[in-house]
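Shared between the two complexes below is chain A, which has chain B as its partner in the first and chain C in the second.
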Partner chain A sequence: MALRELSSLEKFLELKKPNKYSTQGDKKVPVLQSSDGPPLVGLITIACNLVKEAKRSELLGDSAESRAVVQQWLEYRVTKLNNYNKDDIRTILKDLNLYLQDKTFMAENQFTLADILMYYGIHPIILDLAMQEKEQFMNVTRWFDHIQHYPGVRRHLPPVVVLKNRIYPSRH
Partner chain B sequence: MKLFVSEGNPHCLKVLAALEETGAKCGVDYINHEENVVPFLSRPAIPALLLPSGSHLFSSNAICQFLFEVNGQETPPLCNQWLEWEATELQPALFQALYMAVVQGKGSEVSKVLQAPLNYLDQGLTKGNLPYLTGNAVTVADVVLWAALYPILSDSSLQLGEHKSVRSWFDRVNARQSCQSATQKVLQGKGLQGMKSYLQRQPAPQVNQPRDSQPSNSPSAECEEGERVVSEEEMEAAALTWSKGLSTGPVLKERQQPILPEKDKRNVLVTSALPYVNNVPHLGNIIGCVLSADVFSRYGRMRGWNLLYVCGTDEYGTATENKAREEGLTPQQICDKYHAIHANIYKWFQIEFDFFGRTTTEKQTEIAQNIFWRLHEHGFLMEDTVEQLRCEKCQRFLADRFVEGICPHCRYPEARGDQCDKCGRLINAVELGEPQCKVCKQTPVIRSSKHLFLDLPKLEAQLEQWLETSTGTGDWTTNAKQITRSWLRDGLKPRCITRDLQWGTPVPHPDFKEKVFYVWFDAPIGYLSITANYTDQWEKWWKNPEQVELYNFMAKDNVPFHSVVFPCSLLGAQDNYTLVNHLVATEYLNYEDTKFSKSRGVGVFGDMAKDTGIPSDVWRFYLLYVRPEGQDSAFSWADMALKNNSELLNNLGNFINRAGMFVTKFFDGCVPVMDLQQEDKKLLAMVSWELQHYIQLMDKVKIRDALKHILNISRHGNQYIQVNEPWKKIKGGDADRQRAGTVTGVSVNIACLLSAMLQPYMPTVSQTIRDQLNAPPTCVHTMVQGSGTFACSLSAGHRIGTVSPLFQKLEADQIEALKKRFGGQQPEDELPMNKATAQKAVSPAAAAVPVAAAAAPGAEPATANGVDPEKAKQLSQAVTEQGEKVRALKAQKADKAAITAEVAKLLDLKKQLAVAEGKNPEPAPQKGI
Partner chain C sequence: MAAGTLYTYPENWRAFKAQIAAQYSGAALKVASTTPAFTFGQTNRTPAFLQNFPLGKVPAYQGDDGFCLFESNAIAHYLSNEALRGATPQAAAQVLQWVSFADSEIIPPASTWVFPTLGIMQFNKQATEQAKEDVKRALTVLNQHLNTRTFLVGERISLADITVVCSMLWLYKQVLEPSFRQPYNNVNRWFITCINQPQFKVVLGEVKLCEKMAQFDAKKFAEMQPKKEAAPKKEKAPKEAAKPQEKKEKKKEEKKEEKKPAPEEDMDDCDAALAAEPKSKDPFAHLPKSTFVMIEFKRKYSNEDTLAVAIPHFWDNFDKEGYSIWYSQYKYSDELTLTFKSCNLITGMFQRLDKLRKNAFASVILFGTDNNSSISGIWVFRGQELAFPVTDWQIDYESYDWRKLDSDSEECKTMVKEYFAWEGDFKHVGKAFNQGKIFK
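Then we have the complex of A and B:
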């Protein structure tokens, strides 16, 4: 899972030669052996490194504040979206829905690595939602749809259909 | 910029230390743990930082990084890596460790959890050979990791083993002024205990490793991957256990009545909520109480615990008086009649009580009055005048449940006088809006009379102290903890314990001699008096908290009486009573998505189950398969047939029968010689793994989840037979024939293990399997000892008995007829009750969905909405229409792509229909990535 994400990210960043990754431990944490220096361990660490390698550091935020927000959502991605149970799903969706109420992107007003990795991470949850639930978490699906259509992001994942007009009347 | 922190919260150490270290300018607000400062999060997240832009940071690591960066220190990549490791690997382990040490009082087991991350850190530091994590200066990573580890590394009582590099690095960081000052602010020198109130408010950590753990994948991991990877060591260990056979097992002694606590044994007392005598129990009652408790009791006995299971009918109260009036009998006659009905039903369901008693006995009067006097002596009773509703037409005071009206809290129009079914809160009958006598529908009048109250507020502190220990150390279901917590949060009020009735335990106090005890005070004492009727030495069970572990089984509506009210009676009586250690509450079972209702004849009631011709074991299996464990569930005929045919007949029964038949047909009824290959060892390892999980779950009373592991074993077995094709190999050369022998022998031994694991669930089937296999009686308890021992119990040469099919198919027309016979269609005028309300409230909207929209590509079955008859009707219409469309297209020989697209729509519609009809009951497997 994480490995396919990283190779999709490489393609998005238009890095010339694909890296070879391995994994460690039960949780299959990705590892990148580098020619100079110790191996890099962990999805965020490697992803941030790829972004820097591609000289696209604006994807990590362009101010101290936005960098912190990006890091925060990257951490959320690997702590909350890598290992959840059924009960957590609703909390995750509810919280994100509220967060994204007045936002186009995860961090500040620009597209960042947080959008890409959050999109990869939440894809299986969104794929499982019923139409009605997609409407209930309208802001999440709006953001999700936006990111999956962002040029070059979707890659290895199937598209999820999101209807733009509501078919279920609001329950509130 | 403002930083929000709370005292005793270990995550706040990080940010306060980072703040001092960097000298960033920022106000600090101390708030309590429950306060929610981040507007979009549903759970409080502290620490949190309010940024100048108005947005919030809620991750302590991101806050620290930010503070360091503002101070001009950007996070280098290697730091990033440590921070990621801290968040994903260290924190889950730390949280579990702290929870164990502080909340559960299991400090001695902490090192197991922390060994792996501490070793990893130690290696990292040793390899780097630098004073700090990434170099010669302190970085954000040092501060974060120091803070994370501070609580456990600064406590010398935890035995964590030697990690030299970690220790010297930790001491170096710890000596910094910023760190010293942060610890003082957060923990105030109170050490681990300083975090108790914080930790108690956190949801318990999910333990996803087997307890006595060789490292193994978490259960969620292999759901995702389909097949679990089995390691070489696991295979060898499984093969070794297998080869030891049964000889090593301890001998289980015959149980001798009366069962009394014994020194050096695990003494377990199990009760299930006392069913009320005036009615026939329905399936919901059965699964919620007696059946769940029975499965657990059988399991416990099988494990060799010294276990006593008592239950009985709850017989006093107005409802009995009414029923008696209805049937023209005396209350005592009614009780005798219905007690026998209950006893017969439970007998048919094979509920193995050690004693099934009743509350209308002399012992009840004796014990209840004794507890009453003790409460009186210790000053926990008070007098007050009560306004009571009296129906002039019926000429009597109305018991709470005989008044209905509008709930004063949530305005639900059909609230009962004691409790509202919708919001669950307790009600004082006189507070009901527009009260009505339930019998004659007249408006009752208010009269006042003098009553006695149990002074719960005076006992609250004691109760909370006890609850903290009991819920911290015992296995309380989540709903039990939640309901209890919400009761305490609202504050306790004195509760009336007397009633103006005749049919009850008389109040011994001379000023109240016309009155009886209110059933809620009286009924739980039934557990004690029923035990007293079983043995004179009942006090060895009930006044012996040091030696006895008490499990209470019930449905969730009964929780407050067992977790708050009854414990208060016993605590106040101050006689060293045994209080509940494990409170196991189920959610509700609905019937075909409506409520069981005696008056409307909806649902299956205990006495009718046997008239269906479906065996008691199959009933047990299905009820346990849909046991409302963790969430409401529904009984559905179609689903029952499906589960019987797919799980029992095609999976479990098929495997066991095939294994036995191979022995009979190919090997003259004698178990063949087994020569284990790698593949067989792998199977043994997989089966052992399922067995271990079964035991872990059963120990935690996760009855429904444990059942799934039994079915997994037979699934593995079927696959194994299918791949190896012993029926073909038996016709081959010597090597092939030997292979056929091994596969058959291993399979028949798995069948034997299954019979043991099934024993709590399906006692008759379990015994039948052992009879058919002629299995040694010791195999049952030997295999479920310890963490599970899958041994070869039928060795080569063992002669088995006659094998025959275990289950029968349930045919569609048979099920259709049963469904009709027991109703199941909800009358339109009926207001939905309990939790089904939420679902119903959604359905009009769902039904209004235009068919085209529902068929939109990508529309997933509405799992949240679940079963929905209205929607099913709509969908069934849509399926018909779509079917016609497809047929028309085919008839016209239309373009192939067009037909395919329409067929896809049709299939999708059918899928949705199946869901709406409740045919897809499988809970989605846990998702892990």
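Then we have the complex of A and C:
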């Protein structure tokens, strides 16, 4: 999964030639051989590198605070969303829903790499949600829908249907 | 891509809409908001401005190609790109929906609530309470809408967001304290996201959200009042407030006809902007120095022979860059009856124009006899525009036809000679000289 994600990210960043990745270990951690140094290991390391290569460093945050928040969510992404069991899902959705109550994006007021990788990571969870659950976690759903419509982001993933007019309006 | 100039006073939320739209679309927009490019209350009353923008209101846009627009929403629309305007017929209509919503549901109650806190409007408890309720209703609608949406229309910022944000700036800055705005979490999130977009930030700067609801600023209100001495009704304001019921009803009626609350009684943000404009004592201050000394000429005209000394002095010293010569003709000569009444017309005008004496000279002549007369004159004005950004000028300006003369022309030389000396053929008139008046 991480490899498709990285290739989508490359396209989003409009990087000219696609990289060749390999994986290591049972967790299939992505590895990128670089021509002039040690190999880059792990989703976050590689993704941040691609962003810099594309000269889009604003996607890593445009202030010290937002850079820290971006890193925090990238970390969350690989620790919580790379492998979870069924019981974790509600906790994840609850946490995120609370966090996104007063936010449009994952970090500060800008679209960043954290939005992209969180979106890729949470996509399978959202895809499985019933309409009523999507409404229950409205802040996550709203954020998710915004990111999946963000030009160039969705790529390899199927769109998830989100209704703007709630059908279970009494639930919050 | 549109390129042009936006005329406005500084920090005008109506102008912000166009400025932010231009940030998104990349339209090359210059802003003229300060002297000498634009002086609110002066530039927008010159004939040149009124020619393009008949209301004399700002913001007003003039394209480099000459294309002119007034009304802030139209200007913002023009300076937008397709994405901001809404790319499908549905999206475009939704944008228009929210733009109209801002004008009709937000601005009226926001003004009623906020203006007293800025000291530009008398406080009326009931009106304010009603306005708070109306603001809450608008916020509830927005909050509901933004519960499932990031921006107002589609998944991108549009003119709808720009317009509604700008119309809520005063609310968020002055009165929506944390406890008041807390129930409208979705609106807060959206508002904060918008004002933090780089395209908003360059125009708005840092927007500081209200920490404590501002209350009626009685001191500032009192200070602002003398500036509007022209309206004697003002004195009654506190007494009227004692009968709020009646006043409110009256207000409500007025509100229906006109969007601004109680227009002729209170100031609004326009008047406040006008009052805040540094009043230059001399409306001609921005003009470059001239070699022609008006007072010197007037002295010669008063004390020496007109034909032998004053007129030669005039032409020796006249500076056609710094001054202009105008021919004025009274439009309604058919209505002129008794000559003494006609003369009062002229002297009345001179009195109203008193403030111009340092910068203008005129000889205005009544020709003909009772019931068959006409009035015309020659004016020398500082600058190249008719100098009338001065109180009470408008009536007189509109009663005359004005024609700028080419100071090098024979026609001009002849007219100056005849009008200054009160003698000659006055060929262009066809009536005999009756009497003249000098503005000096």
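As a convention for this text, the second predicted complex is superposed on the first by the 169 of 172 C-alpha atoms of A that agree within 3 Å, B and C clash if a C-alpha of one lies under 4 Å from a C-alpha of the other, contacts with A are read in each partner's own complex, and residues count from 1 in each chain.
As a convention for this text, a residue touches a chain if its C-beta (ideal position, glycine included) is under 8 Å from a C-beta of that chain, and two chains touch if they have at least 3 such contacts.
Source: prediction; values computed, not measured.
Asker: On chain A, do chain B and chain C fit together or clash when superposed?
Answerer: Overlaying the two complexes on chain A (C-alpha atoms) leaves chain C and chain B fitting together cleanly.
Asker: Using the touch definition from the top, say if A:Thr141 reaches chain B (first), chain C (second), both or neither.
Answerer: A:Thr141 sits against chain C, while chain B stays out of touch.
Asker: Given the touch rule stated above, what does A:Glu65 touch, chain B (first), chain C (second), both, or neither?
Answerer: first
Asker: Looking at A:Tyr150 after the superposition, I want to know if it touches chain B, chain C, both of them or none. Which is it: first, second, both, neither?
Answerer: second
Asker: For A:Gly121, decide between first (touching chain B), second (touching chain C), both and neither.
Answerer: first
Asker: Using the superposition described at the top, determine whether chain B or chain C touches more residues of chain A.
Answerer: B
Asker: Quick check for you: in the superposed arrangement, does A:Thr104 touch first (chain B), second (chain C), both or neither?
Answerer: second
Asker: Note down the smallest distance between any C-alpha of chain B and any C-alpha of chain C in the overlay, whole angstrom.
Answerer: Least C-alpha distance: 13 Å.
Asker: Intersection of chain A residues contacting chain B with those contacting chain C?
Answerer: 101, 108, 163
Asker: Under the definition above, what is the set of chain C residues touching chain A in their complex?
Answerer: 147-150, 154-155, 185, 188-190, 192-193, 196-197
Asker: Looking at the complex, which residues from chain B come into contact with chain A?
Answerer: Answer in residue numbers: 39-43, 51-53, 55, 57-59, 61-63, 65-66, 69-70, 77-78, 80-81, 83-85, 87-89, 91, 206, 215-218, 220-221, 842, 845-846, 848-850, 853-854, 856-865, 923-924, 926-929.
Asker: For the complex, give me every residue of chain A touching chain C.
Answerer: Those in contact with chain C are residues 101-105, 108-110, 138, 141-143, 145-146, 149-150, 162-166.
Asker: What part of chain A is in contact with chain B in the complex they form?
Answerer: Answer in residue numbers: 1-2, 26-27, 29, 38, 40-45, 48-49, 52, 64-65, 67-69, 71-72, 75-76, 78-79, 81-86, 89, 91, 94-96, 98-99, 101, 108, 121, 124-125, 127-133, 160-161, 163, 167-169, 171.
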